[in-house]
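Please find the structures below.
Okay, so chain A shows up in both of these, paired with chain B first and chain C after.
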Partner chain A sequence: MWKYIAKRLLLIFGVLLGVTFVTFSAMYLAPGDPAEVIALARYGQDLSTEQIEAVRAAEGLEAPFHVQYLTWLHHLLHLDFGKSVIDSDDVLEEILLRLPATAELALASLLLSLLLALPAGVLSALKQNTLLDNVCVFTSLLGVSIPNFWLGLLLIWLFALNLNLLPTHGYGTLKELVLPTLTLGTSMAAVTTRLTRSSMLGVLKQEYIVAARARGLDESTILFKHALKNALLPILTLAGMQLGYLLGGVVIVETIFAWPGLGQLLVASIFDRDFALIQGCVLFIAVLFSLSSLGVDILYALLDPRIRYDQQD
Partner chain B sequence: MAVIENRRELAKIIKKPRIKRPRQREAWQKFSQNRFAVLGILIIAFLAFLALFAPLIAPHEPLEQKPVRRLEAPSFEYPFGTDDLGRCIFSRIVYGTRYSLGIGLIVVALTSSAGTLLGLLAGYIGGLFDETVMRGVDIILAFPNIIPALVLAGLLGSGVSSVVLALVLTQWPTYTRLVRGEVLSLKKRAFVEATRALRASDIYIIRKHILPNCLGNVIVLGTLEIAHVIIFAAALSFLGLGIQLPNPEWGAMLKAGISFFLSAPHLSLFPGFMIMLTVMAFNFVGDGLRDCLDVDTEVTRA
Partner chain C sequence: MSLLSVENLTVSFKTRKGPVKANEGIYLKLEQGETLALIGETGCGKTTFGKALLRLLSKNVKFEGRIFFRGQDLLSFPEKKMRRLRGKEIGIMLQNPSLALNPVFSIGEQLSEIYRCHEGCEKKEAEKKAGKMLELVEIAPSRMAEYPHQFSGGMLQRVMVALGLALHPALLIADEPTKGLDPQTKEQIARLIFKLVSKETSALLLITHDLEVAKQLTERAAVMYAGEIVESGKTKELFSNPKHPYTQALLAALPENGLRAVPGQSPSFVSPPSGCRFHPRCAFRKKSCSQIRPKMLELETGRKVRCLLYENYENFEKTEEKANAAT
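Our next item is the complex of A and B:
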């Protein structure tokens, strides 16, 4: 196991190195002059060419690509993500400042999605081809198809504007958490419900379940002790992939609900063309995503004794 | 005599027009019995009709402004009402199908063919080429969901071409990974080995044996990816990083309507509904295809 983890970590390190290269190249090749952006932020609208050139020299922006990239990488390895071009805040500090809000929203949504999806998926599988099943299948298909931003607006329209129950946006209290969580959680639940259902259906067909029935075990024992345990494994993998969905989803949901998280920061930095901040956010998200995928894989191996990563190659 | 009769019977059976590829017919039957899938096809056909004949269907010019008639509720003259500049929302929606369907189809056509080709080559050739391609795939897939497209679209600037480019550059790896996996397992199968033993060329093997066996997966993934791409494109425009107003793109229209959400919710409701309808249709069809082609792709890139 340890060997596997070490190998995966090494691989992730390689991938992340590639990620830094791709990110940096994208910024480097992007239209627009970073020196001009910085100069604009420092000196205001009336810029002279000399000012821009001075900034270019001061920031090392005239150096060739590989020098700039290696310098940036060198700073990264010392956990120095650079400073925001617009307000010269430290990028890493800014990201860490925004992280709790995003984490709160993401965890609440994940929790909500599991609370909705697991019972719905299991029930749907147990009552296959009944009305209840059809409703579940249709609702989850609908849920997969509703864009986040549209669902969020509908919820605002219903709960905030018409019923006046919840605030339209904001951050801090539990009330303000409800609508963003509902938006993100329900759309995630749709995917999880579908997978739970198909996974459960697959397990229920297996011989050991038939054998358990033949031995006269009561249905709830069969369901909880035998079927569910095995059916939940694929869902764990999905929950790991859902993290990617979450990280993408927060970008949009945070924008709608003015939720001061990482997603909002990323979008704002893109609009400002704040290259250092964009690079920092993207890299941070990639690291978070890669590490949590590893975490899920490890958990998977721990829970399912049939999976032994060490023995493969 | 019974024997002759039997022989005649036999001849009848033999001459019975051979069912053209029974598997295909079976698949089609399974597909057409799936009510959701058929509904999806109908919706897509309807949307394609709107897109093709937009100038004939739309009662007004999509960009024509009539400030005196701004923020009107749906009426006979303006079936979906008017927006804040007095533009006909119905006409804009009709023209908007061109953006969503067009971007969805172009992006998926490009990504599925490029991604499949890379996957075929990586899986078949193996070695250093495989390594290089798959590390590229890993790197792009390390950015979750919409985030890489978001950053790229932001850097490239707004407009259809930058949205398409951003989505194409970030969406191909799913196909490559899928196809490569298939190729690796197909390569070891007896029928491929046998063909190789008959000294068939690599191109022949790929074309006749490997590609056809991957195609089902690619088609299912591609259909579901159209749904994804349409959501992504609309989301980019919604965030202001995609297609900009006054162009009648649904995501951009939805966003613009938010300011008037309290007094005139139809500004946002109609475009949002259309995005949902379109995405749902492709999801229905993709699901139906998955069931009837009997492919086992866990396409969970939601």
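Our next item is the complex of A and C:
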């Protein structure tokens, strides 16, 4: 098992190296002069060529591509993500400041999604082609089809404006967490419900379910032990990807609810052409995504012995 | 009272193309401790019959007739009562152990949960019983924690034997227990089943297309073709003196008899051939074979055949009644 995790970590390291290269190249190749952006932020509108050149020299921006890239990597190894070119804040600090809000929203939405989707999907599969199943399938289709921003606005209109139960936006208390969580959680639940249903239906047709029945096991053991453990495997993959996606910050929902998360930070940094911050954010999001998929791989190996042992051999 | 008595059982499935009769008009008796082979080619309805006895078929199934087990009609049992009977009174080894075992639970878990479920055993006690059962099928109990994919085909089949016999059922249904095994392993598995079944004095219904194993393991045999039983009798007699042209063809297809394949293909269950179902492939067919459905005839005590070659036209109705009464 440890060997398996170590292997995975090594792989992640490779992936992250690739990510640094791609983001750095993208920023390097993007039109616009970083020196000018920095100088603009420092000295205001009226810039002289000398000022820009001075900044270029001071920030090491005249060095060739590979030197700049390796310098950046070298700093990264010391956990130095650089400073924002706009306000000189430390990039890592800035990101870590936003992380709790993002993590809170991500975990809450994922939890809500699974709490809704697992029972709904399993029930739907067990009562296949009944009214209940049809209602579940229809509702989840609706959930998949409704765009997030619209659902968010609708929820604000209903709960905040009409019923006056919850705040329209903000961050800090549980009350403010409810609407963004509902927006994200329900739309993810729609996808997960459909997957749970089809996965469960597939598993229930397997011969080992018939075999379990043939041994006279009771129905709840068959369903919740034999079937569910197998059905969970694809759901786990999906949930892991959803978590990775959520941890990367959900721009639209964060914007609607003025949620101070990573997504907002990334978008703001792009608008400001704050390349140090952009690179930092992208890399950090890649790290989070990789870690959550590592988490899924580990859980997967715990659930499915075939994977565990195949990797060890 | 027979242990198992199947009377005029018809198993059909509702499909879009109309009802498909996978088993039709089956009469079968099995006494305590008796061994019976159900022989036939792949797709003839053997497996359906085995699963039908435990009511393990899909929801679109329809049963006609009766399945008496110790005098009680299993088809009238509510599901709950049926569940208690499965494994406990009738054990079944489904074919393809690699599909019939749950890949994400260890062998020990799958075996010991039977004891927890049926006998309300505590965890430790159930594991102890599971270990004993594994020893019985000659698997080291130290392999309890291993998963199905870590076992070879022969070992998996042993696990299936252990699962089937875990609660010492009065009847064991073994569906193709030697399928896909090499000759040596096949021999070992056959011997193991024979040994355990005799020790437990369980009856055995062996479902197989392997005539060698049938010969080795069973006292009586029934031959199934296209969902019907076409011949039955003592295994030895049936093999030394086959009556039905299909049985004769099956035996001729054995390697030692010249490996002559049965001509033609298995018939469709949606629109089975008229008259005798075997007539399109039969070397002895007469004109009437495509028109008259042959009835089961009792040639001598315990020896039955469904073929017009042996039919006495004047009183075949009576013969049929007598035959069924004596099944």
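One rule holds in what follows: the second predicted complex is superposed on the first by the 294 of 313 C-alpha atoms of A that agree within 3 Å, B and C clash if a C-alpha of one lies under 4 Å from a C-alpha of the other, contacts with A are read in each partner's own complex, and residues count from 1 in each chain.
By our rule, a contact is a pair of C-beta atoms (placed from the backbone, for glycine too) under 8 Å apart; a residue touches a chain by one contact, two chains touch by 3 or more.
Model, not experiment: these values are computed from the prediction.
A.B. asks: Touch test for A:V282: chain B only (first), chain C only (second), both, or neither?
C.D. replies: first
A.B. asks: In this superposition, which partner touches a larger number of chain A residues, chain B or chain C?
C.D. replies: After superposing on chain A, more of chain A is contacted by B.
A.B. asks: Scan A:Y208 for contacts with chain B and chain C and give back first, second, both or neither.
C.D. replies: second
A.B. asks: Determine, under the contact definition given at the top, whether A:V19 touches first (chain B), second (chain C), both, or neither.
C.D. replies: The answer is first: A:V19 touches chain B but not chain C.
A.B. asks: Touch check for A:G248: first (chain B), second (chain C), both, or neither?
C.D. replies: first
A.B. asks: Touching A:P305 in the superposition: chain B (first), chain C (second), both, neither?
C.D. replies: Second partner only.
A.B. asks: Could you say whether A:L266 touches chain B, chain C, both of them, or neither, answering first, second, both or neither?
C.D. replies: first
A.B. asks: Who does A:K229 touch here: chain B (first), chain C (second), both, or neither?
C.D. replies: Second partner only, chain C.
A.B. asks: Kindly list the residues of chain A that each of chain B and chain C touches, one partner per complex.
C.D. replies: none
A.B. asks: Flag every residue of chain A that touches chain B in the complex, lowest number first.
C.D. replies: For this pair, the touching residues of chain A are 11, 14-16, 18-19, 22, 26-27, 30-32, 138, 141-142, 144-150, 153-154, 156-157, 161, 188, 191, 195, 234, 238, 241-245, 247-249, 251-252, 255, 266-267, 270-271, 278, 282, 285-286, 289-290.
A.B. asks: Residues of chain C touching chain A in their complex?
C.D. replies: Residue list for chain C touching chain A: 51, 54, 56, 83-88, 91-92, 94, 96, 99-106, 113-114, 117-118, 147, 149-150, 163, 166-167.
A.B. asks: Chain A touches which residues of chain B in the complex?
C.D. replies: Listed in rising order, the residues are 36, 135-136, 138-140, 142-148, 150-152, 154-157, 227, 231, 234-235, 238-241, 251, 254-255, 258, 261-262, 265, 268, 272-273, 275-276, 279-280, 283-284, 287, 298, 300-302.
A.B. asks: Show which residues of chain A lie in contact with chain C when the two form their complex.
C.D. replies: Residues in contact with chain C: 206-208, 210-219, 221, 225-226, 229-230, 303-306, 309.
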